[in-house]
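Listed after this line are the structures, all set down as structure tokens.
Common to both upcoming complexes is chain A, partnered first by chain B, then by chain C.
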Partner chain A sequence: MNRYTGRTFALELVLIAVAAIFMVPILVLISVALRDPNSTPGFLGFTWPLHFENISTASTASAMGPSLVNSIVITTVSVALIIVVASAASYTITRRTQRWSAASSIFS
Partner chain B sequence: MTPSQTTIPAPANAVRVPPDRKTIPPPRRRAGLRPPVWFVIPAVLVYVAVVIAPNVQGLAYSFTDWDGFGAAASFVGIDNYRHVFADDNAVGSIVNTFVLTLLVTVGQNVIGLLLALGLNSQVKSRYLLRLVFFLPVVLTPIVAGYLWKYLLMPEGTLNAVLGSLGLDGLQQDWLGDPDLVLYAVCAAIVWQGAGYSMVIYLAGLQAVPSEALEAAAMDGAGPVRRTWSITLPLINGAIVVNLLLTVLGNLKQFDTVFSMTSGGPAGASETMATTVYKSAFLYLQYPNALAQGVLLTLVVGVIGFVQYRLTQRKALA
Partner chain C sequence: MVRGVFYLFLTGFLFPGQLAMLPLYLTFSKAGLVGNPVTVILIYVAGHMPFTVFLYCAFLRDLPRDYEEAATIDGAGSLRMFWTVVFPLARPVTGTVAILTALGVWNDFLNPLLYLTGGNTRTAPLSVYTFVGEYSANWPLVFSALITSVIPILVAYFLMQRFIMRGFASGLKG
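Our next item is the complex of A and B:
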């Protein structure tokens, strides 16, 4: 059952084809992000040449710096709070077998 | 000294007899191993402050004519709830939410499971393919929504691809046609969530003992029979978790729908969550929004509880 057979090769081809379809939206996203901002939008084919200035323009024009700091602060504080509070509570909840212990998992 | 504690040396070849079970207390009864209840108190306080208190306050305000500013409000009974059920758009959003939840739950779990089964085999590119299928999960739902809006607009990528293949007859206004828009939104959500389900199914599949599958194969069971009779029952836990997460997540679906269609056209893709948002922040009808929010919470809570009990019973069976 662990051999690479003709059936496995066929499965590999199918999975690669599905993966190619899955990647289309991601490729479109990258293509749009790196497109010449002065060009008319083309909906077929990957953009060329690549224009990385869109990324620097986006980071300065939309104040990405403060947004990034806000995201980091929110993530750090919430993760720290969740680890401290939830780990203590989950330890007690899982070690005790009272009725409320099972019921409490529903509220999570 | 009791007779059982006499110090007669045991012979070297003596068989060790395990002590009587009754003399050993069960782990949770042993002194010092019982965790203190106060460990739960910080979590309870946070839960009350963040979840219970706002929900109770929202529930109370849903029976008033609160204008959203200040504390002045007078009791109006169930008028706000009557308005919700008299509003065709709100009722339509409830139907849309159930349709979307059903379609996405089925689509995401079937695709996730098929991908996991395929990638749990000996294919050489399995590690790279797992990464590719998981990539959409990393995107923010808002970004995924705008991306799919770009793909599905009348002159977008999908119609351009169909045109280049000579399939002009299949070109549609995917997000402008009220009959198609909900399915288009579902496709975007399934695309983004299938990788997440796949990872949970893969974790379950990797715990399936290969001996059971090999024994079934030697008994003449084919791949479909082995999957149906051995693999699926053994990954029941992963199926339960996936169904619970998908159903509850999609009943509250907001980001992708709002960024793709804002609930349009003509409310054809409106969900309960987008209706709550619009009532509160677009039309400034706070009492209605609160009544809709309470109903949404009730629906999610009841369905989640029923599903939890049913699946828990099935998992124990």
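Our next item is the complex of A and C:
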């Protein structure tokens, strides 16, 4: 059974600090996304009021809906094909029992 | 011979994708495929093949052959054995491959910029680029578009998180 020691506490503090560091870019992303588009540049800190309408404005102006559909279709088809072709080729490579199997794996 | 085929796949690691950019563009242009999503799908499938084959081979080499021998005794052919016995057992590595390749394909900017610009088939990274001008950028709108564009891949990640963790724990050992 593991005991909760001072070392465990120190490790927890380090992990919390690392997690906080990883959160910084996400906070910058959200804070910049929700600020007034005409405001002066600056990446740290939230500016009030928050402009949630930026998200709908950006989605409409960039035609994000059809682009997301295209991205989803391309990603899904690509990943499915990669998995089917690569798994079949790898199975042939690792389980080959006949001489011609290696040649067939090139075309699989 | 088999080892040679394996290393043939691995040589794909040696060549940067940019090396093939111009010849590929000219080839697809002559074939009239520029602007067609099939072009980028073909490039993604071919480009991710070395890494994916490497992962699957590392996993399948450690997979016991007992299941396949049992399936052979039960009368299963090679194809049936692969799809009903081996492929389900390779689910952890399939999850890993799916998330890694999906992230790579989703975030790719260069290939859609080359092959899909100007058409109706542009992808999410190209839409985000709408707000970046030559001399200035509307950063609040760029970042808002970024938030919208990451939502689908984030949902996919959370749905497949279990497989990803299991895949990294067991699928990547050589």
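The definition used in the following text is that the second predicted complex is superposed on the first by the 90 of 108 C-alpha atoms of A that agree within 3 Å, B and C clash if a C-alpha of one lies under 4 Å from a C-alpha of the other, contacts with A are read in each partner's own complex, and residues count from 1 in each chain.
In the analysis below, contacts are C-beta pairs under 8 Å (C-beta built on N, C-alpha and C of every residue); 3 or more make two chains touch, one makes a residue touch a chain.
Computed from a prediction, not measured in an experiment: that's the story for all the values here.
Asks: In the three-chain superposition, say which chain, chain B or chain C, touches more residues of chain A.
Replies: The partner making contact with more of chain A's residues is C.
Asks: So, A:V32: does it touch chain B (first), chain C (second), both, or neither?
Replies: both
Asks: In the superposed arrangement, which partner chain does A:F22 touch: chain B (first), chain C (second), both, or neither?
Replies: Only chain B; A:F22 stays clear of chain C.
Asks: Could you tell me if A:L11 is touching chain B, chain C, both of them or neither one (first, second, both, neither)?
Replies: first
Asks: Output check: A:A86 vs chain B and chain C. Expected answer is one of first, second, both, neither. What do you get?
Replies: It touches chain B and chain C both.
Asks: Can A:R96 be said to touch chain B (first), chain C (second), both, or neither?
Replies: Touch status of A:R96: both partners.
Asks: Residues on chain A in contact with chain B in one complex and with chain C in the other?
Replies: Residues common to the chain A contacts of chain C and of chain B are 29, 32, 81, 85-86, 88-89, 91, 93, 95-96, 106, listed in rising order.
Asks: Quick one: in the complex, what on chain C touches chain A?
Replies: 1-2, 4-6, 8-9, 37, 40-41, 44-45, 48-49, 52-53, 56-57, 60-61, 65, 68, 82, 86-87, 90, 94, 97-98, 101-102, 105-106, 116, 120-128, 130-131, 138-149, 152
Asks: For the complex, give me every residue of chain A touching chain B.
Replies: Its residues touching chain B are 1-4, 8, 11-12, 14-16, 18-19, 22-26, 28-29, 32, 43-44, 81, 84-86, 88-89, 91-93, 95-97, 106-107.
Asks: Report the residues of chain A in contact with chain C in the complex, numbered from low to high.
Replies: 29-30, 32-37, 39, 41, 51, 54-55, 57-59, 61-64, 66-68, 70-75, 77-79, 81-83, 85-91, 93-96, 99, 101-103, 105-106
Asks: For chain B, which residues count as touching chain A in their complex?
Replies: Against chain A, chain B makes touches at 28, 33-37, 39-40, 42-44, 46-47, 51, 115, 118-119, 121-125, 129, 132-133, 135-136, 139, 143-144, 147-148, 150-151, 155-157, 159-161, 164, 191, 210, 213-214, 217, 304-305, 308.
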